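The structures considered in this document are given below.
Same chain, two partners: subunit A is paired with subunit B first, then with subunit C.
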Partner chain A sequence: MNQKKSKFLVSCLIFGYAFLYIPIFLLIIYSFNYSPLLPVWGGFSTRWYTRLLESPEVWSATALSLQIAFISATVATVFGTLAGLALARLGRFRGKTVFTGMISAPLVMPEVITGLSLLLLFITLWQLTGWPEQRGMMTITIAHITFAMAYVAVIVQSRLAGTNQALEEAAMDLGAKPLRVLTDITIPMLAPGMMAGWLLAFTLSLDDLIIASFVSGPGSTTLPMLIYSRIRLGLKPDINALATILIVSVAIGVLVAGWIMLRQQKQRALLANQ
Partner chain B sequence: MSTQASSDGESQVDYTHTPWLDPSATPFIQIKNINKQFGAFTAVSDVSLDIYKGELFALLGGSGCGKTTLLRMLAGFEKPSSGSILIDGVDMGGIPPYERPVNMMFQSYALFPHMNVEKNIAYGLKREGVAKAERTERTKEILNMVELAEFAKRKPHQLSGGQRQRVALARALIKRPKVLLLDEPLAALDKRLREQTQFELMNIQEKLGITFVVVTHDQEEAMTLATRIAVMDKGNFEQIGTPAQIYENPRSRFIASFIGSANLLECTVVEREGNMYSVSQSSNSQAILVEYDGDLSIGANVTVAVRPEKIRVEKRSAVSSAVADGHNQLNGIVKEMAYLGRLSTYHIVTENDVMIEVTSPNQARYRDGNHPIDWDDEVTINFAPQSAVLLTE
Partner chain C sequence: MAASDQSLKRWYSKFTNVVHRNLRSLIVGIPFVWLLLFFLVPFFIVLKLSFAESIIASPPFTSLLDWSGGGFPEISINKDNYLYLIEDDLYLRTYLNSLKIAITCTIICLLIGYPMAYGIVRTQGTWRYILLLLIILPFWTSFLLRVYAWMGILADQGTINDILLYLGFIDKPIKLLYKPIAVYIGIVYTYLPFMILPLYANMEKLDSSLREAAMDLGANPVSTFFTVTLPMTLPGIIAGSLLVFIPATGEFVVPDLLGGGNVLMIGRLLSSEFNANHDWPLASAIAVVLLIVLVLPMMLYHRVQASQANS
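Up next is the complex of A and B:
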């Protein structure tokens, strides 16, 4: 194993990661640029961050985004867990493969189409029932639940597929009724998967621009929408600062989710080996 | 061992250890014409079985023979396609697993990974609604029984395989079930631990008097543990009996070769004198004399089954009178030999080109380390007519 690392492979690695991360690092560096002109380096400064904090628009957009992300991640986790449970534990039934495939379809569906279809849904609903009267936080939240739920369901399902159904049977054998089995055994077993799913749903919702643009209404501007609209008015360095904050928070979310999944995987491997 | 006259001299028989022979005993578990289909596949096909209170009954068979499915039907995890199961006189049809008076020890133990040993064991009592004080006490009691008191606060992944097995056993026993079901209870343990645990299991079973039903693929395990064994194949019971009955009187070729090993010789009956049958493999080969109580006509096709340890082997240059005067003498050459310490196994090819397996205990000590019978030695083997079994199935 202590062979010299192949120079070719090392340069491949460097090139690949450079390709991925140089743009992001550039953005982070420029967010500390004193100069208001984007391509001109005017020295290190945090003035754009300060300006950002002073803007009420940014604050309200951030608050809205966080609220939507929190609610939609929570609801999506509940729904997604139920869907994942059903798919993993219902046994074999006609069309199971189709259903399993269908749950992951929103993962690959172009967001433009998801957004458009949801917009149509809300318009139809409004015409039929008079609700929702206007589009805003509520409609964005619902939209985010629908696509985040698919992610949670996939995570939960794969987690359940890897666990031993005998645990649930053992609980039942010891006198636990099915609902008890769910709360005593299944949910604790799924908790790490649900946590990872929640974090993923949260970051997805925080990130989303396209779907939100379709289903939002006047007065409800999420953070990504704000960034996008400002960029269209011309590039200003404070957007770099905002984007940097967003990148850092999303990265933390993804890292924590990954760490949770890795830890439980190790634990499971440990248990399986013994 | 099976029957025994009572002390007052009457002709009463004591059936304490053999309840299945007692015509007046009521079976504790009654399996009546159970059938289980998975789609087009028949896992268990129309089997009936009575198990008596206090028995340690083993369901033995290879993978896919239906033994686990039968156990799962007893536990309530699978519904029989037809037929019924009665435990202590109560029909289990429609009774869910959580209301049955049985507990199961799972093959992989299925210990709850997020609970410590104590909580795992107490879980059944908690669900039963037993008060905390009693729960603690009973858990402590059973922890002592399985010698795990100092591990009460550990999580399952911090235990060794043997310790986990004991936690699983304690968890399944704490509710004092009428029947304990054990799915391959020792399969995950290494050989030494397995042998030790076998006896522990038997002790616990005897102490508590709970009826055990064990599923296993390991015939040695079944023979050691069980009062009776049901050998399963393709969803059917091939034979039900005590270990000795099954080993000494296999009902079919399948049983003879599945339980232990046996030399199976395809023969036809050539002569009969009372219950002594003379059979031979072909017209020019030497006849084999076998004692058999059934009725077979001349020319019938049979299989002679002889256990390897029931055959004597001696060097032809030094044949003793016991072999020389005995029946069923065959000459052959040692093709393979394995010295296993307490015994040796020989593969001997006879003069009419049949391979016979013989094992013989190494009673004498070979001081110079040389085995008296070796590869390519000319040997004579023999076995008594009573040692062989005639099989027609």
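Up next is the complex of A and C:
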């Protein structure tokens, strides 16, 4: 590699990472600002954290969001894994074109369209069957399952594409029934991918503002909906405190997971060399 | 309780038999039916509603089928919503402005993201892993809060104005927040990782011997880049660009929080027709047209994804 190009690439990287991370650091720094007028520095203080933790709405919105995220991530992982299996292992089946389309479309579909269409579905269902009587946790959970399962399916499918089918075929040849092969061989092989899918589905659900606002009803305010209603009209220092807590906990989680995976990779590389 | 134990066992073996016999259809069927009901059918309801009339009621729209005549229902299709979209030039201007913003932001993301992805691929060992992790990290942090971070930077008394005032480049704050520039910055910032990851995935698989061969045969770095590297990374460029362009066109949060109503974007207009004006049929018509605009790029993305998965 010639020296000039390398300098160019390094400066691109420095600029790019600064662009990605400086706003986040500023957000964190200002959460410790005493002044309620946000951009003006008024000395170090943790009073916004105290105020945040004393707010009952923040606690109830967090509880609701966590419940929805947990249930929808779990169901989305099951459905998404089935969908990924269908795409990667079942060859051709009737309606496969429609099926693959329905799996890849939610990944890029503008959220306003998904939200609007799901709300209209729930209203139509209610008119026809009387269910769902009111919109809230249940309807948000269904909406989140629907878009998160597409992400899980894509992760599972790419995992399966990367593994060979020899083990499954051997088990079949030895007389194992298909369900046994699935539960004893394919699923354990897929476990890391399903775990990654679950975590992604969980974060996507915890993050979603637009779809939840469309399909939610009175009394069901998720955490992003609460944050949005507060920051719409300007900067709020207690939201900076909330953002700091959320971002730092996610960052620690991702970095720890990354570190563990890196160590495993290195160990495997060591074993392979011996 | 031996009897119930027995029957439970019988039920269980019946159940596993059914599962065994229908394993294949269950694997396809469960996700298929779910997506059909909660993803595909809703679009047809949106389409249907876009031909209805807006009324003051709950829910605020007319039914297309009128059963009052007895016997055959009369179908009343109302094209006014679509005519309205054409007549009032606000809508056309908003669609065009959304496309302009999305295309510009996609190009900026590509210009920043391409050298970054290339730089990450050229980095060796643990550093490469850390750099990649730092690109993935924003995916896991709240989109809303990352947009919010820019509200503090772009505000009249925000970081940028503070720095410019301190350095003496300006003597009174310049307006950045609630201006088009804020929307451009916000979209580029939030969608940049979506550009970098597909580019990285594509470049990682590239065979560097081709580039070296071109260099050995006397091609200079610039022409090697344009004749060898760039064509080979085209699938990554297309995938990343679509992953930015499609959702950016319908973006709501960024124009709402950073544009403050001064920047016309279709996602925000749809939402305000729906929530503020309670005109559900018109909002549905806006959604249908947006989907028609985006269906080609979506199909292209689908094809790129499928060919990437097969290779």
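Rule of thumb we're sticking to: the second predicted complex is superposed on the first by the 231 of 274 C-alpha atoms of A that agree within 3 Å, B and C clash if a C-alpha of one lies under 4 Å from a C-alpha of the other, contacts with A are read in each partner's own complex, and residues count from 1 in each chain.
As a convention for this text, a contact is a pair of C-beta atoms (placed from the backbone, for glycine too) under 8 Å apart; a residue touches a chain by one contact, two chains touch by 3 or more.
None of the values given here were measured: they were computed from a predicted structure.
J.: Following the superposition defined at the top, how do subunit B and subunit C come out on subunit A, clash or fit?
T.: With subunit A as the common anchor, subunit B and subunit C both fit in the superposed model.
J.: Is A:72 in contact with subunit B, with subunit C, with both, or with neither (first, second, both, neither)?
T.: Neither subunit B nor subunit C is touched by A:72.
J.: According to the stated criteria, A:177 is in contact with first (subunit B), second (subunit C), both, or neither; which is it?
T.: both
J.: Please indicate which partner A:247 is in contact with in the superposed arrangement: first for subunit B, second for subunit C, both, or neither.
T.: The answer is second: A:247 touches subunit C but not subunit B.
J.: Which partner does A:139 reach: the first (subunit B), the second (subunit C), both, or neither?
T.: neither
J.: I want to verify the contact counts: of subunit B and subunit C, which reaches more residues of subunit A?
T.: C
J.: Scan A:86 for contacts with subunit B and subunit C and give back first, second, both or neither.
T.: In the superposed model, A:86 contacts subunit C only, not subunit B.
J.: Which of the two partners, first being subunit B and second being subunit C, lies in contact with A:166: first, second, both, or neither?
T.: In the superposition, A:166 contacts subunit B only.
J.: Applying the document's definition of touch, where does A:10 land relative to subunit B and subunit C: first, second, both, or neither?
T.: So A:10 only meets subunit C here.
J.: Of the two partner chains, subunit B (first) and subunit C (second), which one does A:188 touch, if any: first, second, both, or neither?
T.: In the superposed model, A:188 contacts subunit B only, not subunit C.
J.: Using only CA atoms and the superposition described at the top, report the least gap between subunit B and subunit C in Å.
T.: So the smallest C-alpha to C-alpha spacing between these two chains is 13 Å.
J.: Can you list the residues of subunit A that meet both subunit B and subunit C?
T.: On subunit A, the residues that contact subunit B in one structure and subunit C in the other are 177.
J.: Name, in rising order, each residue of subunit C that touches subunit A in their complex.
T.: On the subunit C side, the touching residues are 16, 19-20, 23-24, 26-28, 30-32, 34-43, 45-46, 49, 59, 112-113, 115-116, 118-120, 122, 126, 129, 131, 133-146, 148-153, 155, 157-159, 162, 189, 192-193, 221, 242-243, 246-247, 249-253, 256-257, 267, 270-271, 274, 280, 283-284, 287, 290-291, 294, 298, 301-302, 305-306, 309.
J.: Which positions of subunit A touch subunit B when the two form their complex?
T.: 164, 166-167, 169-177, 180, 184-185, 188-189, 267, 270-271, 274
J.: Enumerate the contact residues on subunit A facing subunit C in the complex.
T.: The contact residues of subunit A facing subunit C are 1-2, 5-6, 8-10, 12-13, 15-17, 19-21, 23-24, 26-27, 30, 37-40, 79-80, 82-83, 85-86, 90, 93, 95, 98-106, 108-113, 116-118, 120-121, 123-124, 127, 142-143, 145-146, 149, 153, 157-158, 161, 177-179, 182, 200, 203, 206-207, 209-210, 224, 227-228, 231-232, 234-235, 239-240, 243, 246-247, 250-251, 253-255, 258, 262.
J.: What residues of subunit B sit close enough to touch subunit A in their complex?
T.: Residues of subunit B touching subunit A: 75, 77, 96-99, 102-104, 106-108, 110-114, 123-124, 127-128, 156-157, 160-161, 164, 171-172, 175.
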